[in-house]
Every structure is written in structure tokens, then in C-alpha cells.
Amino acid sequence: MGKARLEAFSDGVIAVIITIMVLELKVPHGSSPADLAGLGPVFFSYVLSFVFVAIYWNNHHHMLHTVQHVTGGILWANLHLLFWLSLVPFTTGWMSENRFATWPTFAYGLVLLLAAIAYYLLQTCVIHNHGADSLLAKAVGADVKGKISPVLYLVALGMTFFETWIALAIYVVVALIWLVPDRRIEKVITSGAGAGGTAE
Amino acid sequence: MGKARLEAFSDGVIAVIITIMVLELKVPHGSSPADLAGLGPVFFSYVLSFVFVAIYWNNHHHMLHTVQHVTGGILWANLHLLFWLSLVPFTTGWMSENRFATWPTFAYGLVLLLAAIAYYLLQTCVIHNHGADSLLAKAVGADVKGKISPVLYLVALGMTFFETWIALAIYVVVALIWLVPDRRIEKVITSGAGAGGTAE
Amino acid sequence: MGKARLEAFSDGVIAVIITIMVLELKVPHGSSPADLAGLGPVFFSYVLSFVFVAIYWNNHHHMLHTVQHVTGGILWANLHLLFWLSLVPFTTGWMSENRFATWPTFAYGLVLLLAAIAYYLLQTCVIHNHGADSLLAKAVGADVKGKISPVLYLVALGMTFFETWIALAIYVVVALIWLVPDRRIEKVITSGAGAGGTAE
Amino acid sequence: MGKARLEAFSDGVIAVIITIMVLELKVPHGSSPADLAGLGPVFFSYVLSFVFVAIYWNNHHHMLHTVQHVTGGILWANLHLLFWLSLVPFTTGWMSENRFATWPTFAYGLVLLLAAIAYYLLQTCVIHNHGADSLLAKAVGADVKGKISPVLYLVALGMTFFETWIALAIYVVVALIWLVPDRRIEKVITSGAGAGGTAE
């Protein structure tokens, strides 16, 4: 089973998700900077969600790179991840239209948490199919980022009931943690290719 | 005739279909959980349609895997399938906005039935072009799922005039039947590759 | 210069065009068959446009199959074709919302005519770059379909000022002419591959 | 690290961007030519933006052609470019709905300027990773177009406060500068392939 179509379909879905979010940036009726300024919360939310979806695409790109055979389980784990990502435009719109009210901000974080769990399940599924000695297993290693993110999301979800801006700040922190380039897989692939040459 | 573009185009269309359905999940004006709860039927319909389209993509992925040469007939049979799938966002929206009223629920099932028939035609077209001994012919075999689904859809279509929730339950059952991973093609490919090695 | 990305980008644009047309099928507010029947003209227009865009994708698929090197001219001729195709959802919507009034039906045909001309320019550009002995040049041959279509469009454009349903009938006829599988390129490729083996 | 998915994802995003812009061409309620004429500014803006996004795709296609290994830096520089391009449908809509008022025309040019800078950063990133003797470095050369465009954008941004039509004329000039086929990379690839044969 080749992975080309799994990648192509995921790329297609993620490309549409990241692009239709911009439809939420509704053209203001006036033409002054003040009219644009009213879109501030929507624009901030768009940037945040763009970065999150971009991070998922980026990590997905790296993870799939290590996959050598695609199983039915991997296909469905991948579709499960795409499902939660497909809800990001909705929660982004709800949160920004309500100016970061409690429940919309909660829902935004909840979908991010569920996407993170879906990503973890996909990763586990891939490692299960490729063995504990596989490239991905080595690359993920202790997976500090993967473990700390859900904890941060949970803290943020709790904070939405006290101060939503703290929850938002935590979402930004999670994004920044992942924005730092993740060289683990690149490194393992390079060293693996040097040692064995069969990685590609 | 290569199959790369047939796959790429189908992936593109299915990716857009599965993603624009989320546009039907219109952002509620209020910010309370009650406002979100009002979206319950829309959300249920979105999940159901997401799963159906995902199943089609999944089976399409497996079917195309066995295709070795693409003919004009296969191209058009494929476009015919994509046409009915492209109506899923519309019937999903009509059904959920009318809270599962009789005719919208009927239309939803009808489009699913027509997509199932289109899939069957595509499958028949591929088998016709590749021979009764081809991978796909062996993999499909008695094709119990493919034969039972239209029957279930017909029963559901009839039930919409009595109890729409029974029709909906049948739609869910059909989805669950297909969600069980279909290992037929995977198995035949694996054994075929073992025996002859020419499958890929 | 590879043609993979030219194909991938064209597939992406055409996939989005063919799918966003369904957004024009706006969910009716009522739930009766009469509410759906009101969508009749919109549905007819959607089917017609789906078939036209599908024909373009199909022919584009065959044409690109014969391309061996992509030049800047081919890239821009292709973008020019995609531009006119991108207007199809707009003219489809205008025509169907106005129930086939004169000018919208004229505009619909005009965009089809301009797309046909753009396709002809792309074809000419490819043949110019690959030589009069190339696969495409042989496959196109006298190009009866390619020459009769613009004439039919022009007749239809004129008819919109007398009887728009005649113009619509001519659009349907053009679609049917092209729906008949075009085996020219397939044939030439097959015979070319048999004779020289260098076609692929 | 392969570049196939980077290309596929970029193609997907750009294909969606270029196509959803047509959604801004809202179907007019009347059916007379006058109703269509009212869309003049929207249509002009659509054509201009279509050409700009097409130019970016075209140049992106050529640039990526020279890339041999993709790094995390290139991935993010590419996503940064896609971010600014994703805002083009929004600024196009704001500018055309306000009939080229000062601030919307300013915002339109600003996003073009930021996209140009993002493209420059991506190009610099690729050259940095492939060496000053790389194909792209040679192809870009003095990069007159790349250097003159930001200057022209800045002049246009200033002009929006005096005469917006001059700013628009400058945008058109920039588009025309780039529409002239850029044969630099094609030439260098051809000569490089002739000399060393390792370019592909």
C-alpha cells in the first residue's frame, strides 16, 4: 500500500482548511482603518489557527516521511486527525466573533486538544506498525512536546473559566513550543541514512 | 494512460467536499453552550457525512490501487461517482437544517444510494477492463457489503415516510458496516504479491 | 521542466471549481419536495457546468499526457484556460438565479466560448513546442470537435436574443459531442507505443 | 527530505486561494448588462489578483525546481509566503467593494509587498541551503525584478494617499513586469544540464 495518496489527500484537506479560514475574515463595509481595526480579534484568531494548522501539516509531513507501509488503521487514524482539524475553522470563527468569550475559547482549546490526541494516536499507530526500532520511534523519543501540549491545553481549558486571556496566552505558548523547528526526525533520518542507507 | 492524475483529481474533489461541509456548521451568534447545543443536528449530520465521504475515499484508494491502466470509461465512471458525492454537502445541509424532516432525510439517503450505485459501476468498469482474474475481481469476491448497502438504503428510504430516526439509524448502520476495515484488497494484494510479485 | 506540478495545480484548481459550484445549490428553507423543485433550474445548471468542467479536465488530462517538456508559454496558456474556467461558477449562478434570462444565458455561453478558445491556444502552444509530428498533433488531427464547438457557441450566443432555450439546447449538444469518449489520443498513444515505444 | 509534499501542499493552498477569490464575484440580482457592469471594479480586482497569484505560483514552480533538499527553515519560509498570499482574497474583496478607496487600496498593496518580502526570504533561504554556486543563485543573479518590485510597491503605497488610480496603475505595472516570462531559471537549468547533467 503506497503512502502517496494518503499524503495527497491529507495535503488537500489541510490546504482547504487553512484557506477557508480566511473566509471568516469578512470584508468590512467601511473603508477606514477603524473598520479594519474592528477585525483585530478575527485577524489574531486567523493567525493563531493558521500557525496551528501549519504546525500540524509540518509535523504530519515529517511523520509520514518515516512511514513505509500504510495500513487500514493508519488510514483511519489519519482521517480521525483530519476530522478534528476540519473543526478548527468553526471554533476559530465562534471564538473570534464572540471576542474570546469563555465557552468559545474553551471550545477552541478543546478541538486543539482533541486534534493533539488524534495526532498522538496516529503516531502510536505508525510506530506500532513499524516497530520500536523504527525511524519514527527513535525520532519521537521521549516526545516531551507531545506530552506537555495536552497538559498545557488542559490547564488552558480550566483557565477559560477565570481569565480567557490566560488561556489564549497558553495557546500561543503551545504554538511557539512547536514553532521551534523540530529537528528530531531530520536528525535521525540523516544519521540513519548515514549508517544504514535504507531509510529513504 | 497513467492513473496518477485520476487519483490526484479525485483526492482534490473529495478533499474539498469533505471540507466545505464544515461551512454548513455556521457560527452561532451567542456564546453559551446552549447556542452550541442548537447545532446538535448539524453536527451529527456533519460527522455522519464526514464518515461516509471518508469511507468512499478509503475504498476509492484501495480500488484505484489495483488499477493498472485507465480508460475513458473509467475516467467517466469516476466523474459520475464524484458528481453524486459532490451533492452530499447539499443534502447534509438540507437534512440538518430541517431537523431530519421526511423529504430531506429521504434526499440524503437517495444521494447515498446513487453514490453507492456509481461506486458499483466504477468497480464493474475496472473489473471489466482488468479481467475476472484481476486483483480487484478477487478482492471484491462476493462483495457482500456492496450488495447489502443498496438494500439497506432502499429500506431506509421507505422508512423515512414512517419514522425518520429509523432511516437515520440504518444510515449509521451502513457507515459502521464499512468502517470495519475492509482487508479484502489488502489481503489479496499481499498474497498476490507473495505469489506473483507483479501486483505492484 | 517537469509537468507534474502543472498537472497537480490544474487538478487542484479544477477540483475546487467543480466543487464550489455546489455552494450555489443553496439549502432551501422548506422541507417539502416543492421546495426542492424550486431548485430545478439551479440543479440543471449545476449538472451542465459539472459536465463541462469534467470534459475540460478529461481533455486536459489527455493533452498533458502527450507533453514532454513544459515551457513558460505552456504555463501561461494553461493559467489562461484556468482563468476562464474559474468564471464558470459565477456565470452558472447568474444564469440559474435568473431562470435562463437572455443576458445571463449569453454570459454563460460566452465564458464557455472563451474557455474553448483558451483550450485551443494551449493545444496550439503544446503542438508548437512538440512539433507537427508529435503525438498530440497526430491525435488532434483535423480536430473536428475543436472547430465545431466555437461555431456552435456563436450560434447559441446569437440565439439567446430570440429563444434562450434553443441556446441552452445547443450548450447541451456541445457537451454531448464531447461526452462521447475521445479515443483519438488514446489510439495514437497505443499505436505510437507499439511502433516506437518512446511515447511514454 | 523530499520536496514533493512541499510542492503538493503549496499547489493546494494556491489553487484554493485563486479559486475562492471568485466567490467575491457575487451573482447580481438583476439580469441586465447594467447589473453586470456594476461588478466592473470587482472583476478588475479579480483579474489583477488572479494574475498576481498566478505569477507567484509560476515563480514558486521555477524556484522549487532548483531545490534539492528541503529543510525546516524552507518549510516555514514557504508557509510564511502562503500566509500572506492567503490574505489576497480578503484585501481584494475590501478594495473592490469600496471602489478603490484609499485605505483598502493601501492594504491591497501592503499585502502584495509583504508577500514579495516573504518570497525574497524563501529565495534567500533556498540559496543559503544550496550554496552561492547553486542553480537558483545563478538563475536569480542580480534579481532586478525582485529588487524593483518592493520599491514600486512602496511608491504605490505612498500614492494611495494622493491618487489611488496611480497606485493601481503601479500594481498593474508590477504584474506586467513579472508576466514577461522569466527565462532566467529555464536558461540556467538548460545550460547547467548541458554542462553537468546533474541539475535534474
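Going in written order, the chains are labelled A, B, C and D, and every chain counts its residues from 1.
Basically, contacts are C-beta pairs under 8 Å (C-beta built on N, C-alpha and C of every residue); 3 or more make two chains touch, one makes a residue touch a chain.
These figures come from a predicted structure and were not determined experimentally.
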Exercise. Among the chains, which is located farthest from chain A on the basis of C-alpha centroids?
Worked result: C
Exercise. Chain D and chain A are one sequence twice: same or different residues at the contact, by the over-half rule?
Worked result: different
For this session: Nearest 5 degrees is plenty: how much rotation brings the CA atoms of chain A onto those of chain B?
Result: 90
Exercise. Can you give the whole-Å distance between the Cα centres of chain B and chain C?
Worked result: 26
Exercise. How far is the middle of chain B from the middle of chain D, if each middle is the mean of its Cα atoms, in Å?
Worked result: 37
Exercise. Which parts of chain A, given as residue numbers and ranges, touch two or more other chains?
Worked result: 8, 12, 15-16, 20, 23
For this session: Report the residues of chain A in contact with chain B in the complex, numbered from low to high.
Result: 1-2, 4-6, 8-9, 12-13, 15-17, 20, 23-24, 71-73, 75-76, 79, 82-83, 86-87, 89-90, 93-94, 97-98, 101-104, 107
Exercise. Which residues of chain C touch chain B in their complex?
Worked result: 7-8, 11-12, 14-16, 18-20, 22-23, 25, 27-33, 36, 47, 50, 54, 57-58, 61, 64-65, 179, 181-183, 186, 189
